[in-house]
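In order of appearance the chains are A, B, C and D, and numbering begins at 1 in each one.
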Amino acid sequence: MKKILNNPSDFVDESLRGIVLAHSDMLRSVGDPRVIVRSDAPVRGKVAIATGGGYGHLPVFLGYVGQGLADGACVGNVFSSPSADAMLTVTKSIDGGAGVLYLYGNYFGDKMNFDLAAEMARDEGIQVETVRVTDDVASAPAEQMSKRRGVAGVFFVYKIAGACAESGASLEEVKRLAEEVVINVRTMGIGFSPCTIPASGKPTFEIADNEVEIGIGIHGEPGISRQETAPAKELVSQLLAHLTADLDLVPGDEVSILVNGTGSTPLEELYVAYKEAHSWLSQKGIKIFKPFVGEYATSLEMAGFSISVLKLDETMKALLQAPVNTPFIKQL
Amino acid sequence: MIQLQQLHELFQEISKRIHEKRDELCELDGFAGDGDHGISMDIGFAAACAVSPDEFTDIGEYLKVCAKSFIQAVGASIGPLYGTAFLRAAKYATGKSALSAEDCVQMIQLGVAGMQERGKAQLGDKTLLDTLLPFAQTLRDSMDAQGSWADKVKTAMQEAHAGMESTREMVANIGRSSRLGERSRGGVDPGAASAYVVLQAGADLVSLRVGEFAG
Amino acid sequence: MKKILNNPSDFVDESLRGIVLAHSDMLRSVGDPRVIVRSDAPVRGKVAIATGGGYGHLPVFLGYVGQGLADGACVGNVFSSPSADAMLTVTKSIDGGAGVLYLYGNYFGDKMNFDLAAEMARDEGIQVETVRVTDDVASAPAEQMSKRRGVAGVFFVYKIAGACAESGASLEEVKRLAEEVVINVRTMGIGFSPCTIPASGKPTFEIADNEVEIGIGIHGEPGISRQETAPAKELVSQLLAHLTADLDLVPGDEVSILVNGTGSTPLEELYVAYKEAHSWLSQKGIKIFKPFVGEYATSLEMAGFSISVLKLDETMKALLQAPVNTPFIKQL
Amino acid sequence: MIQLQQLHELFQEISKRIHEKRDELCELDGFAGDGDHGISMDIGFAAACAVSPDEFTDIGEYLKVCAKSFIQAVGASIGPLYGTAFLRAAKYATGKSALSAEDCVQMIQLGVAGMQERGKAQLGDKTLLDTLLPFAQTLRDSMDAQGSWADKVKTAMQEAHAGMESTREMVANIGRSSRLGERSRGGVDPGAASAYVVLQAGADLVSLRVGEFAG
């Protein structure tokens, strides 16, 4: 295991310390180093968005803390849920009086902790609502949407709910819109090679040199099939066929797409995937409105990529263009 | 009657035993999980022990702080599960400075129900509930029956042990290991194993101090 | 070789096609798909900055094309210089009448092509000046500064020269300032594992599981030593000892630093490195002004990182804060 | 005298031979370089061939377009090296519609000097110059001597061959391979090898058409 680290058990805290040191103008930690909020939190009168989950997915989750996205986040150990206590601390630190939306990926560990935190926060008089992102089409069939996990598509939910909250909407409105985005976003990923969790020192899964895992999860969870590598064109069309069918897209629909790298796949390759996605969708008469390409949700150094598709309406299009300013993600 | 100080001693005993089993529990978790279960349990109960009982007279207040201390120390699955159990028990005990045997049984019931509510797992899902549910149920069923508390606890512990062992042949249906499906069969669930350690510590204290409990 | 690609020989052009499709609002290609300029080029009256080099280093080079940085770039095959003809096309497309600065890393292939392009451009009446970045301390001793290669430190030169050009300075002024930055920036990298060039399908170098290459080049060029992996603290202090000695830094000096990932090293780890760099420099009484952490110059999926240190004066500090807007790099 | 059309035929012959040696040259480059040399040369000379000679009467103009075509097709090291050589030769030939043997020798001299100026390499640096410089120098030195052009070219080619072979035991001192230092020893430099192919094509045309050259 060749990694930039000292003692593996200090990895998360040292990395977080580096983030807060480097970006002290925009972020601060609140007591617990694993609780990080935007430096101007709480923003009075604004609905606050809290998120969190296991570490190792940067820019998910801390990277989404800032103007136009979330207000605070907490992280646990690598790929492991942070504590309900940390979530409660985030909640209390960002509540500006208009309530807090818990917005996170649908993992059971996170759900248990966030639910417990919500119970405790309500005990302290803070209004809390929850939206869980369930965009990973490979993780459960369409009839069991609520069992689906949350992966890179969470970006779109942060983006649109964040812009909505920034505009002064109420907790009810932000929640409703976030749910609307969740209903309209789908993601599917392909894994090429695993990552290594510092504390364990072992790869998260094994895979042959000529094989890829279609539908892989963000922690290396097995997908729907393992197959021989194929040209970019085929891989992309395989993903898009699943995604557009699951979303019932028809010619004339307008979407945004996110081609996301999971860690060690070069940006150069992600743009090859984007080119293929563009031509596949164009051929089907589906219009791309505002594409995103890059690392928006990673799994340490896992190699692979995912494509997320968001079916758009005019409200979402407007909010997608709103400015963002975090140390990790910026939009002018 | 059980005093606040004795609860503290119970946490110390649990913490000691979990600490000894730490690596074993991690190894069990390594089979189909992420190998951290021993660490989480160790940290959690150490945190509960760290709460000084001397500052409290109300058992509910004390347990609430223990719960928060546990929750603060541990996230993962174990934090909210035990945290919720402690909070439910604390709520019941609020206002009390000593607990009867019946109180204890009631609190165990409420705690386990809290875990079930939080985790949405059923008996047979290969979780700590497979140890805890049979224990709690057997104990409650025996409450009004004849016999000593020590015997009743002993019987309940046999059920707990059988429950724990039964997880070996189960397929995980919830939590981190469920993604492995069939491949999760063949190992005892780490949460079920650690829950048995927790219960055993309690049972041993009961049999050691059977007089006090009878009081 | 598991990569997102079709025919390896189409890799560069398909990737570039994806970039231009995804960012058509900010970039356009000029005839040759390997020549990319900002969409508003030429900016009349502004000194234009041209850059270029081999492909596979994103965001270097195309990623630096946009407001506040460069005006145009061309790329060659992976790790191979683009042609003088492509450079001439960039030059003609971005010249807004105030002349063009060629700003690129000091590699001989690039130098030959840029020099030939400059000859041809001058024949056509365009004023051209050249600054080559020589920040890699491991590539030659201090006495042979002009032999040193250009690596991630090129970021600082783009940033400051770009902001200077944007402010309306003359070609002479922009050139002088770029040279000033080159004199004050140093970089050193560490390689953990190689990358694979699509066309060759073979790793760029071999290295044992427990070894790192200190002073590695951006194409996997051997560094100054190969040694066993060490804790982050040691690796970082090794780099900083070289860098600060080479720059003659003394307590009280103010620097900016860039902790750069070379491809597959997780952002989480780069922040561990940043934390260590912060405490090392603090201990030496050197102040960090505006740090950068992330992927600013990569080598496909090579694992490793580099640290760049720029010794600052007030002019550089002001320009370092100027806004930037490219599809790849943004600063508000 | 050599006509414009014959230069075009020369480029065609070079292109054909380089294309045949393409993989061999890539293999040589693979030893200490990046393995693309055969591809670059192939693309470059194919581009030079693609320029139709029919539209030109001025050899200088024609060669300038060939140079730009070569430069357009190839970057790397080879593009600017051959590109510069062609441009220097083109400059000399501007205004001419035919070339004497002396003109050719002069243009070769200028071209090789352009390569040296562009690449800053010396004899012994393990580059194409180790083939080209001995050739150009021997030819120039023999210019005023007795003997047929065919013989002079033959002698110069022997020097070129020796120069190319000498790169085998050299350590690369410039360009991509120089980073390997000692490890670059033991293989013929690909640029030196391809330069020999280029010269051989020229030399064979001279001996085939010795009458025309004498004219």
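Just so it is clear, a contact is a pair of C-beta atoms (placed from the backbone, for glycine too) under 8 Å apart; a residue touches a chain by one contact, two chains touch by 3 or more.
A quick note: this is a predicted structure, and the numbers were derived from the prediction, not measured.
**Student:** Tell me, which chains sit next to both chain C and chain D?
**Tutor:** A chain counts here if it touches both chain C and chain D, and no chain qualifies.
**Student:** I'd like the Å distance between the centres of chain B and chain C, where a centre is the mean of that chain's Cα atoms.
**Tutor:** 57
**Student:** Compute the distance, rounded to whole Å, between the mean C-alpha positions of chain A and chain B.
**Tutor:** Chain A and chain B have C-alpha centres separated by 34 Å.
**Student:** I'd like to verify one number: the distance from the centre of chain B to the centre of chain D, where each centre is the average of its C-alpha atoms, in whole angstrom.
**Tutor:** 84
**Student:** Please classify the inter-chain touch graph. Allowed labels: line, ring, star, complete, other.
**Tutor:** Graph shape, chains as nodes and touching pairs as edges: a line.
**Student:** Which of the chains are touching one another, listed as pairs?
**Tutor:** A-B, A-C, C-D
**Student:** List the residues on chain D that touch chain C in their complex, please.
**Tutor:** 30, 34-36, 68, 71-77, 79-81, 83-84, 118-119, 174-176, 179
**Student:** Going by the contact rule set out above, which residues of chain A touch chain C in the complex?
**Tutor:** Per the touch definition, chain A meets chain C at residues 2-7, 11-12, 14-19, 21-22, 55-56, 58-59, 192-193, 195, 209-210, 212, 229, 231-233, 235, 263-275, 278, 291, 293, 295, 298, 300-301, 303, 305, 325, 328, 330-332.
**Student:** Which of the residues in chain C come into contact with chain D in the complex?
**Tutor:** Chain C residues touching chain D: 76-77, 79-86, 108-109, 112-113, 115-116, 197, 199-200, 217, 221-222.
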